[in-house]
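The same subunit A turns up in both complexes below, where it pairs with subunit B and then with subunit C.
Then we have the complex of A and B:
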């Protein structure tokens, strides 16, 4: 029998030659900078500098130059232009782009192998968390005492916006990026994603977008908050133009990723992998991909309008020309609330998976689990205006939106019930992934219940714009999604590296982060209940103690995350070897060698039963 | 999970399966679904643009859907000194030409029809040469549509506005929303021109034949969606514009 791996080994890789084969992250950055400069130069030479908002036009051109240059430099356009010219890739070309026999260099290139893309996403996520975390520490340091001026108010405002956006990007990709790429295709028995080149395009477009976002800090910042509401964002400096381009690029990234994920899961499942036999994690990724495909185009449209208003004097959001800021608010929140579930659902899917494997029980009511995720995805598209209760927009719709928002607690309760039911009377293995899972459950109760408070219009009238809201969504993102993401990292880390994530350091990290979250955000709830507004660089002395506590809590989280980072780096090469199936799980990713070979399977598997039929007598360490 | 194993599938055609030896049916099914999903994403974008158009017309902020305070007939950079600015007057704009709008739409629909007929000829009669000619013709007609769209964009009326800190040509909410829809149409047409050129080249190089026609079908699906969206946009913008 000829296996795929044998055929791969015999595939001839063309020697040397070709600019395309020398493209990597370095050439992408160089090309990005060169094109940005060229576009900047062209803008200066061709645009009239006297009247229109010349600076915004130049900034937009420059940002576009960076994007186009980066895409050219990394090789994103090679495939489309080869298609155009009728010079399709040979099998050897495809294997080259998949990173065959390329060693570590493949992690710096437009590599199409889904596992390489998964690892690239891990690194990108860590970088984003690092940048966002540093900004968070700067914000909290500024707020440690009333009247403290660690940074000036303009910089503080920019830090708030960039911290928000960087962390949102990090959260969106934290689970779906690494594990939706690394393990999902293997889980369903696929050799790769349906569109490998689009997979690489998605990753590298995100990297290019991050470059634009960081640039905002160097060009005057973005002192308008990450929700970039009008009219204030229309009046912001050129950082706003880079931000808008960031969102446009990011939407391209998420759209191609969403199309790729859904197509892979719907068309590339191996024989016998029926929809009900798919590991539950894959449903979480599927729902998030579908929801992202629906939601993010609204953000793209909103930010395109923003650019047009700022560079071309259109009147989408400008009232003197017949526009309105409510249009921006609607378009933003049409994306903004589903985006919360784009972030949450992959983590929920991963936690279902972890709960089942670590308790050696099937997922409690698999259909309810899938239904709860579908319910969350569907309802999340119908609740956007609860973010606008106090804006004055369509007050008559307040009641219906309050109702839809409160109804969303039903599928939320169901997924929580599934988690508890799965763990109930199981032989729970209290390893690192399980510990973070329990942390998620504790925090998510607080996140969920405070969300119900905020969906209630009379209470929202009081709490909107206060630190209570900030504490609520940080319980969602930090207390819940981050815990889910770390649980997923600890769970699948051995599949990537062949080694366990350091259990000792991981547990220390857990307690620092868990305690830190409670101290930071419970105190923040109190600040909010006492009336402290969000986004303020300074505050009254009556909020002194709770803010001091929040800052100490934030430092505690930081220490925990640094310890986790140390564990992550040191375990990569020196961790305890785990073997191919450390959790004695049954799904396909644990059946292949570690690390999985190119194309994953020597022979195509055929599935005959679901992945949660555990042998309960199996001995565990 | 119980697993059995099976022989790897036969190699698929080069360049169409990412090098992973997938069955041609799997590649075909995946690419079709992928195109449908991209169309789905595009439907969201076009819907958001139409929502914008209708919403701005509906709210008619300060009665400025089709009017704006500005200076009629003044050239750009007319006022060098802000202190000399007279009071602006309310300037009304007219709805864009419905005939021209429908002309562009008709040209777009014709290109979709050409591609559809060419693809049918390819599948039914295996006539690759006819398809190649159809793709080339559709591409040329698409270029005509692009030119017409650029003319339409340039015809959107500007109003000179000037404040103490900036001056320039501005657009009313109607013109802005119209521009967004036309601009979106232009981007679509550029994509179609790229795809049409690719089909032409690939068909002439023998990469699209009576037996290997599914890329032509995928692109036809997208092309037809663009034609439909063009009709919907034209219908909305030519029947719902002024406020009486």
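Then we have the complex of A and C:
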């Protein structure tokens, strides 16, 4: 039953195809660097080197060179290129790009198989959490005592910005990346995504963007906060240009992924897979994809304008030229608030799924579950200015935005109803996914309630810009989304590897992370209430104890995450074998062998009911 | 009850809920006043009061989630290594969904009414002869000037019980003007004037901080201020070096 592709691989890699068959991550990096150098050279030779924007112009061209070179080097343009030459891909080519019989090498390539892309996203997510986590530890170490200078102040200021952006990227892909790609198509009975090459393009564009973002630290950093507001962003060096290009590339990646996801779900569902029979997780992915399509282009526009302001003397955000930083702030938050729900919805969808399977009961009120996710997605587009209550921009709109923001607590409350309703009177199987699910509920209620405080303008007039806000959204991201992401990882890990994620290490990790989150961020709430602003590199003696507690808590989280990382890596080849359906679930991804073969299904499945009838003996169990 | 229904007595749940609610309310009544900075204005008074009211309102909700979690873990958790038997099929319960919606809507409406009312009070100006203070942020100091007096200072002196109107701007990047003890803040933007007002109602020292990230020394962009009696305020003004 558990035949693996690797074992089937009898080294029959199709021959021919020349250079294109040798492309991988390595050639992409080489080509990226070569093109960056070429673009740098051309910019130096052709642009006027007097005056301030020269450095920014060169940096922008260099960054563009990296992106284009990376795309060419990984093979993103091979298909269109050959199509233009009138030699479209043969079947052998398509099989090659799908990674057939290629073993581990396919994970380093422009591979179109959605399951390979899913695994690549797991790795990308881990790398992002690693980088962001190291920066977080540097930040917390710097804040362990008043007047501590573990890192230089300018570097510290870059660290908070890069930590913020890296972690936002990590959160955006943490659930939707691995599981939206690996299991979602199987769950709806599709053989792959609608546009497999676009799927690979979206993954590798993200990788290229991450390369740019991390390079930022080496070229003067980004000492302006991750929200890169104007006019402060003008005081950043060429790191800012790299940041803007990162965002542009990232928006290309999410847009391509969003279109692909939506098209797949609209057109590739198998026979009988009506909308009401779709596993609830796929709804979370769908909503997030749709919301991302709406939200991220604002960020693309904002960062394109910033690049133009910096290189070409436009003045979209420059007040002396007739622009305003408030425009940047609006565009940023038009993206920034919906983005939180792009991050949250796949995690919530996964938790609904886990609650049902692990308690052996149907999702409680499926319609409420879908409706609350849709309501949240819709409302999230109408609340962006709550981030600008104290900016002085349009005070008249304060009341209306307070109204829309507080209404969000109604669909959010329904999440709890669905989760509790699903678990209630169930036979709740206490395995790793379930444990992290309970952790999610405990943290998410704190995240939600503190969010209501901040939506209230008289309170926001005190708490805005303080550590209270930082603690609030860390309860959202670390306390809630990360817990959901780990629950999803523990739940679907056996489908990827054929082995359980180590239960014992997973439980130890849970307690470290759970306790660490409470210590770190409850203390941080108190820092904020006492009056400590965000993004402080140094603070007065009155914030001493709470900051010390937050730092110790952060180390505790780190220990927990390292243990989880160890479990993830060691269980991959050595974990306890799980069989194809360890949780005895009924959705389609559990009906196929582990790991699922290329194109997933031998026979196209036909669906007659939703996957939550645990009381019936399923045909293919 | 047959095992098929998997129903269990709810007494434990209600006890848990009641205990956590009581504890939550107690903390809500005590913590804001204890943890937040000393209140020195009408706005700060309202801020702390709102904090208390919202926390008290939130306590039973949070208690519900915690009590339900603990209760479910105690009552229905299944710790075997094999898959548990099927549980009762409960797909919909319109009464529960409707009451949940109703309760959360009522709570939200209450918070909204409180919030909008507090906002109106917060923004209201007495309109009687406010003291105007021009506030300018620049990397990384605050300066305060009093129109009509040629006085400019890096410390903020305010008279007691008289409304103050702050006209806030910046010389370089955006800063966040925040009087920590008075519950008011507004951004200082270059080329724009933003205003806030408040009425200091308690004598003593307070803190001004920058709450918008503004570059290298953002962490050090704070200064102290003093609320003094009207008489002392006037003599302070008179004693300042005049800038023409």
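A few notes on this one:
Keep in mind that, in the parts below, the second predicted complex is superposed on the first by the 598 of 621 C-alpha atoms of A that agree within 3 Å, B and C clash if a C-alpha of one lies under 4 Å from a C-alpha of the other, contacts with A are read in each partner's own complex, and residues count from 1 in each chain.
Rule of thumb we're sticking to: contacts are C-beta pairs under 8 Å (C-beta built on N, C-alpha and C of every residue); 3 or more make two chains touch, one makes a residue touch a chain.
No experiment lies behind these values; they were computed from the predicted model shown.
For the composite obtained by overlaying on subunit A, subunit B and subunit C can both be accommodated side by side without a clash.
After overlaying the two complexes on the shared chain, residue contacts for A:428 are found with subunit C alone; subunit B is out of touch.
Rounded in steps of 10, the angle subunit B-subunit A-subunit C defined by Cα centres in the superposition reads 100°. In the superposition on chain A, contact of A:229 is made with subunit C only, not with subunit B. Of the two partner chains placed around the shared chain by superposition, subunit C is the only one that A:154 touches, whereas subunit B remains out of contact.
Shared-chain residue A:391: touches subunit C; no touch with subunit B. Of the two partner chains placed by the overlay, subunit B and subunit C both lie in contact with A:319.
Once the two complexes are overlaid on the shared chain, A:544 sits clear of subunit B and of subunit C alike. Measuring only between alpha carbons, the smallest separation of subunit B from subunit C in this overlay is 8 Å. On subunit A, the patch touched by subunit B and the patch touched by subunit C overlap at residues 319-320, 324, 326, 613. By the touch rule above, subunit C contacts subunit A in their complex via residues 5-8, 31-32, 35-37, 43-44, 46-47, 50-51, 54, 58, 61-62, 65-66, 68-69, 72-73, 76-80, 83-93, 96-97, 100-101, 104-105, 107-108, 111-112, 114-116, 118-119, 121-123, 168, 172-174, 176, 178, 180, 183-187, 189-192, 194-195, 207, 209-220.
Of all residues in subunit A, those touching subunit C in their complex are 153-154, 157, 223-225, 229-232, 235, 319-320, 324-326, 359-362, 364-368, 390-392, 395, 398-399, 402-403, 406-407, 409-410, 413-414, 416-417, 420-421, 423-430, 438, 441-442, 445-446, 449, 452-453, 455-459, 461-462, 464-466, 526, 529-531, 533-539, 583-584, 613-615.
If you check the complex, the residues on subunit A that touch subunit B are 1-4, 7, 48, 50-53, 80, 82-86, 88-91, 93-95, 97-98, 112, 191-197, 255, 258-260, 262-264, 266-268, 271, 277, 293-294, 297-298, 300-301, 304-305, 308-309, 312-316, 319-324, 326-327, 330-331, 334, 586-588, 591, 599, 603-611, 613. Listed in rising order, the residues of subunit B touching subunit A in the complex are 1-9, 11, 14-16, 18-22, 26, 29-30, 33-34, 37-38, 40-41, 44-45, 48-49, 52, 55-56, 59-69, 76-77, 161, 166-177, 179-180, 194, 197-198, 201-202, 204-205, 207.
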